[in-house]
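Got some structures for you, see below.
Both of the next two complexes hold chain A, though its partner changes from chain B to chain C.
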Partner chain A sequence: MNVNRRGFIKLTAAGLAASGMGALGFGHVGEALASSVRAFKLAAAKETRNTCTYCSVACGILIYSMGDRAKNAHSNIIHIEGDPDHPVNRGTLCPKGSALLDIVHAPTRLTAPRYRAAGAGEFKEVSWDFALDRIARLMKDDRDKNFIAKNKEGVTVNRWTSVGMLAASASSSETAFLTWKVARSLGMVVFDNQARV
Partner chain B sequence: MKQGGAPSTGKWQGSATGGVTSPDAVVLPDPRARFAATAARLASLAPGNPMEDWLSFMARLALAQQQAVEAVWDILGATPATVDQAIDARMPPLAADGHRRDPAWRMALVRILYEIEAGPLPARARAVTAELRAAGPAAIEALAEHFLRGDVGIEEAGPALYVAAALQVYFTTLAAKLPAGKLRPLEQPGLCPCCGSTPSAGLVTATGKTPGIRYLHCSLCSTAWVHVRATCITCEDTRSVALEGIEGDTGLVKAETCNACHTYSKVIYQKQDMKADPYADDLASLGIDILVAEAGWSRHAPNPLLLVA
Partner chain C sequence: MTNTWQDIKNANVVIVMGGNAAEAHPCGFKWVIEAKIENGAKLVVVDPRFTRTASVADLYAPIRPGTDIAFLSGLIRYLLEKDKIQHDYVRAFTNAGLIAKEEFGFQDGLFTGYNEETHSYDKSSWDYELDDQGFAKVDDTWQHPRCVINLLRKHVDRYTPEMVSRITGTPQDKFLQVCELLATTSEPDKALTSLFALGWTQHSIGAQNIRTMAMVQLLLGNIGVAGGGMNALRGHSNIQGLTDIGLLSNQMPGYMTLPSDKEATFNDYMKTRQFTPLRPGQISYWQNYRKFFVSFQKSIYGKAASAENNWAYDWLPKLDLPMYDIIRAFEMMNKGEINGYICQGFNPLQAFPDRGKIRRGLRKLKFLVTMDPLDTETSRFWEDFGPQNPSDAAAIQTEVFQLPTNCFAEENGSLVNSARWLQWHWKAAEPPGQARSDIWIMAGIFRRLKELYQKEGGAFSDALMNLSWNYADPASPDPEELAKEMNGRTLADITDPTTGAATLKAGQLLDSFAQLKDDGTTVSGCWIFTGCFTEKGNQMARRETTDPRDQGIAPGWAWAWPANRRILYNRASADLAGKAWNPKKPIIEWNGERWVGIDVPDMPPTAAPSAGVGPFIMNAEGLGRLFARATMAEGPFPEHYEPLESPAENVLHPKVRSNPAARVFADDRESFGAASDFPYVATTYRLTEHFHYWTKHALINAILQPEEFVEIGEELAKEKGIAQADWVKVSSKRGDVVCKAYVTKRIKPLMVDGKPTHVIGCPIHWGFTGQARKGYGANTLTPSVGDANTQTPEFKAFLVNVAKSNGPEV
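And now, the complex of A and B:
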């Protein structure tokens, strides 16, 4: 049997006894170590890269969650820090970014769409179907009423200026591309793809 | 500037990026301190550790390595032309398995054996040093070749420790003489840009100009190089890596496991202990290796001072 300084290995008490440790008279050490770790168990944390949700600087962040996502366990975000490898911020974060963990766990955070009917005093929780239908209906009505197909000179412009859209700052290029296509294909011109600070 | 006021005419002083800079890609070792630091850390970690006897012995070995540095200090390194040629070809300039060793490296081995024999040793360890002393240059070169090419017979594991220790001294001293600015990462970013070896462990820094960067520390030539965190050092996978640590401990040492290639490497967090040393803390935290191995992951490579089948 040969040993290799470059191969994958699995450390065991028996393996340690047969290694250089055993050959030099420290064979008992592996056994002592193996019995001392009996009392312990492993805990997994997951490190996930993401982009800060706040502004157009788009700082890289590392999100730590407990629990191994592969095992149906409930993950819980325990810590968020600046990503030291990210070329934009090199591990630094502004005060808002530093407080991201509190946003994640904020009890006031929205988890479902809410609706306040015209004249009503209170928001009430509604389904996504209701919310999307309602938004689509209002957009269609407004667009039908205010769409400008031609300007005064009779040139085709296809503008819809009475509704605007504000999209996310932490979008990927693909998301930004699709957002742009959706907004522009409706003729929407009041449009920003960054939530500015 | 107030509204309507004149802009300042003074010259801008200070850093335009506010101190947010990119890390040095490669940090060459300092042979005058590298082994002494490991020795001091091992000596402080040994008391109370279940591996106390062995860690104390390894502390003495590291101290002997430090004293052996002067034996190889004057060896001229690779010539600038060969270094440039290797870097252009994206090859490690001191390739562990291709580099022609200066026979003077055996002076480091002689010095290490001398220092180790001066103190208390288990009978078997003393027999191994005597055996190495009696061995001729050809046998020692053969053993060095076996070690560097990754083919050490299990019966050679004892003497291979001292040879590995001497080769660490030799390669560390040579690596320190390389031109740091010219070195580039290899295509396989988990391998040392100086000698192409696997790292001992990763150290996530907490001080310096780029805190939070993970440096991998070479197991042979002690060079440190940047490796992006939360990325498997063996297969570059990012989706399935997780950090396994012992529940309830300080979180100084964690195993970065990868479910794509089923290996792990250790990460040491300097934030948890400013005295952490990537070599000493790797040896002192073998308990994590045992637990992680039982959970099914293989270590990316052994520590050269603890070759395990």
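And now, the complex of A and C:
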């Protein structure tokens, strides 16, 4: 039989009700009762395959969310557990992976761009346009001033050493590739990731 | 990892040294338990602390932090002396018989060619003697005094069990028990696997730690076989991927490297990269470098890269220094040479050594940009958080942008795990509030810069203007588009050489990097990933769990680079006739016509064993290297050097105490402490309940390990009058951490050269944002010096003092 995980939960929920009630001798009344048993929350949830964000064991996980992904319905992640099909973790998770829901919903998740002006005592919320316009301006001004097109020997070197970047280590490979393209096309050489720490 | 996580179950002996997998990689570590239960494997742990991994070990040996090379060199000496090596393997698959140059030598701690002023080597003597045809000379009888195996024998001769114990503090009997157990895997059908992580990399001699173990594995015949290999467990979920794609200061995607100032022309550049074979009939796969490079340049610059402009070679930045790594970046920042810094999902204020120096550097920036799902310490370095982050905000002129990004659950994309598997993941929900993807932010910055350059002109912008950007929504490229870009396409029909029929039409996605060309008719953003997203669809999303013979390969689950090969160097799993060394666990075998088996052969499929093609196809000689030639900064053989901060002299060569090729900045040297002031050896590590500095933002993890502490052995605690859960002040020359003491039986003093030496353990996970209690961060204490090859900071061995305290002054 080929059942997916959610189907399996539905099946066992129904099976439990049916056999339990049947065994107690409720007969037809049992069926009526069974149909009124509240479905497990997960049975109505949307299941999404993902991998743990923390370490490079990369355990498979199943994320359960409410909301059917219609344009106007906002999904809310309600549960995360190990993926039993995954050949490495086979459904298990460590104390970090088991608590992934808490990092998704951490109170210190950032929700708006914030800016702190020189010498200011606090952050203030700003628009994305303000933040990205200002960043691009600062980068360009510095690059125009400090870019090294040729070295002393006259060799074309096209490098920029006065602005640097640290790339992530839990971001996707697709993010990484785009980041590489942007950083290097600017001539950035002070460029690194977290491989060393 | 050369092998897979599940393959660990095939091992006969597992050594965990330079890591603590039970604690740091728990769900992968269960395969060690599987090996113990199902395969009768023995687990050996060598570690300064009696770790969670040690608690399930069959044999545990303590060791002083930073002395692994002495231990492993003693092991090599033992294997050679007792003749416990896999002879046929070593003779056929390693460079044991190759003859080194006559000028090569080693004396008083230094190899030939050392320059005292530059702290570096002229490595010209670290190579083979060549014959008239340019091939390395070889003596398969191992009689020649300068053949590698004899030079190695001589080199390790000083590492007697007495000497090993004197340096490492490991009791001799424990050391010999480890040697004896590991030596059993020199049998052709027995395998040892080595599992390691930051415990080996984070030393000033980190890369050589790993090399020494790789040499052990070559001598024992354990590379390429089931249950064997060198398995770097790695750290963050996609650190393998970011390394593969070349987000390191001197790297390009697929382990190509940026040019240096010395390589003024494209031809200069190719000369040092397209290695020609050093032995007859070898593959020397980097001969194809030009194909990978041209296809890459075509991928990122499209039509603007052509044969006429040398594929836009000049548009790549050239390096005037070996590396602009992070230690150098913060040195430059402190000197006012860096004005802006962008931290994408990276929290250097907690993650990099000498926190005081990091903070002083950040203060000098004109602007700082952070992109993160969480409120990181780095983004708030300018704010006063009390003793854990004292600051006078008004005096700091840095403009700071804190940009909110999505987390893993809110995006599609792939990550590369430590076994090189590219696994696709799917988005489950929208990010909170206005948080956006890193892709959207990078695209936003790029598009604005391009517009500014269009409008205003300015410094050289050809590379920026011509960067390929063929995305359906230029403001928000789709992860699938990017994955296909890395995979690559053909720009012209590819035809089958025998039938002449087109196998791929122009514009179609490539199946393999073997299809790449150097004439501009193929494009690929990362050649080692070619095959991950083909005309058959997204291979990274595959979920086929079938595992032939249940041997831990699962070839249909996701996709592994290179070419979906799960075990690297798997040609070495078979003997000279092509039959498996271990008939119970074959990987690939020669069937008379081709290599067949449960994995993709790491060998041309029709190269008969009699052709003598070596299994290490990336090396120009096709052989595993017991002698590293000029690839390492501090020597072609590993040598024991003390950590930059050490309580002991180097008893082998007192004049050359620590790594002679280490790069140490003058102000950092000033900040190294002496044992007279800081008498205890400290080491940093991770706890299973936490991941770096993120999980303190998650409530459950913050409850499980709520506050900063250090581990102190009972003996030292008694000497210092420190009781369980007392406040203590731990100090290095660079700063103090005030935290709780955890007095433990897990760390015992070691006898090093006749002196008792205490070790203090410093878990790293706290800071001043998140839900756990405020902490300083262990990097307050650590020295700013890195491995001479990789600049990985020396977090695992440094000096501190400890005293009872009244708690943080508020």
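By our rule, the second predicted complex is superposed on the first by the 104 of 197 C-alpha atoms of A that agree within 3 Å, B and C clash if a C-alpha of one lies under 4 Å from a C-alpha of the other, contacts with A are read in each partner's own complex, and residues count from 1 in each chain.
Rule of thumb we're sticking to: a contact is a pair of C-beta atoms (placed from the backbone, for glycine too) under 8 Å apart; a residue touches a chain by one contact, two chains touch by 3 or more.
What you see is a predicted model; the values in this text were computed from it and never measured.
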Under the stated touch criterion, which partner chain does A:92 make contact with: chain B (first), chain C (second), both, or neither? both
Please work out whether A:84 is in contact with chain B alone, chain C alone, both, or neither, and reply first, second, both or neither. first
Residue contacts with chain A in the superposition, chain B compared against chain C: C
Answer with first, second, both or neither: which of chain B and chain C does A:43 touch in the superposed model? first
One more residue to check, A:144. First (chain B), second (chain C), both or neither? second
Quick one: is A:107 in contact with chain B, with chain C, with both, or with neither? Answer first, second, both or neither. second
Intersection of chain A interface sets (partners chain B, chain C): 46, 48-49, 82, 85, 87, 89, 92
Residue set of chain A touching chain C in the complex reads 46, 48-60, 63, 65, 67, 74-77, 80, 82, 85, 87-89, 92-100, 102-104, 106-123, 128, 131-140, 142-144, 146-147, 149, 151, 153, 155-182, 184-197
Given the complex, residues on chain B that touch chain A span 20-23, 50-51, 53-54, 57, 121-125, 128, 147-148, 150-154, 157-158, 160-161, 164, 197-198, 210-213, 219, 228-230, 238, 240-249, 254, 257, 259, 263, 286-295, 298-302, 304-309
Spell out the part of chain A that touches chain B in their complex, as residue ranges. 1-13, 15-16, 18-26, 28-29, 32-37, 40-49, 62, 68, 70, 81-85, 87, 89-92
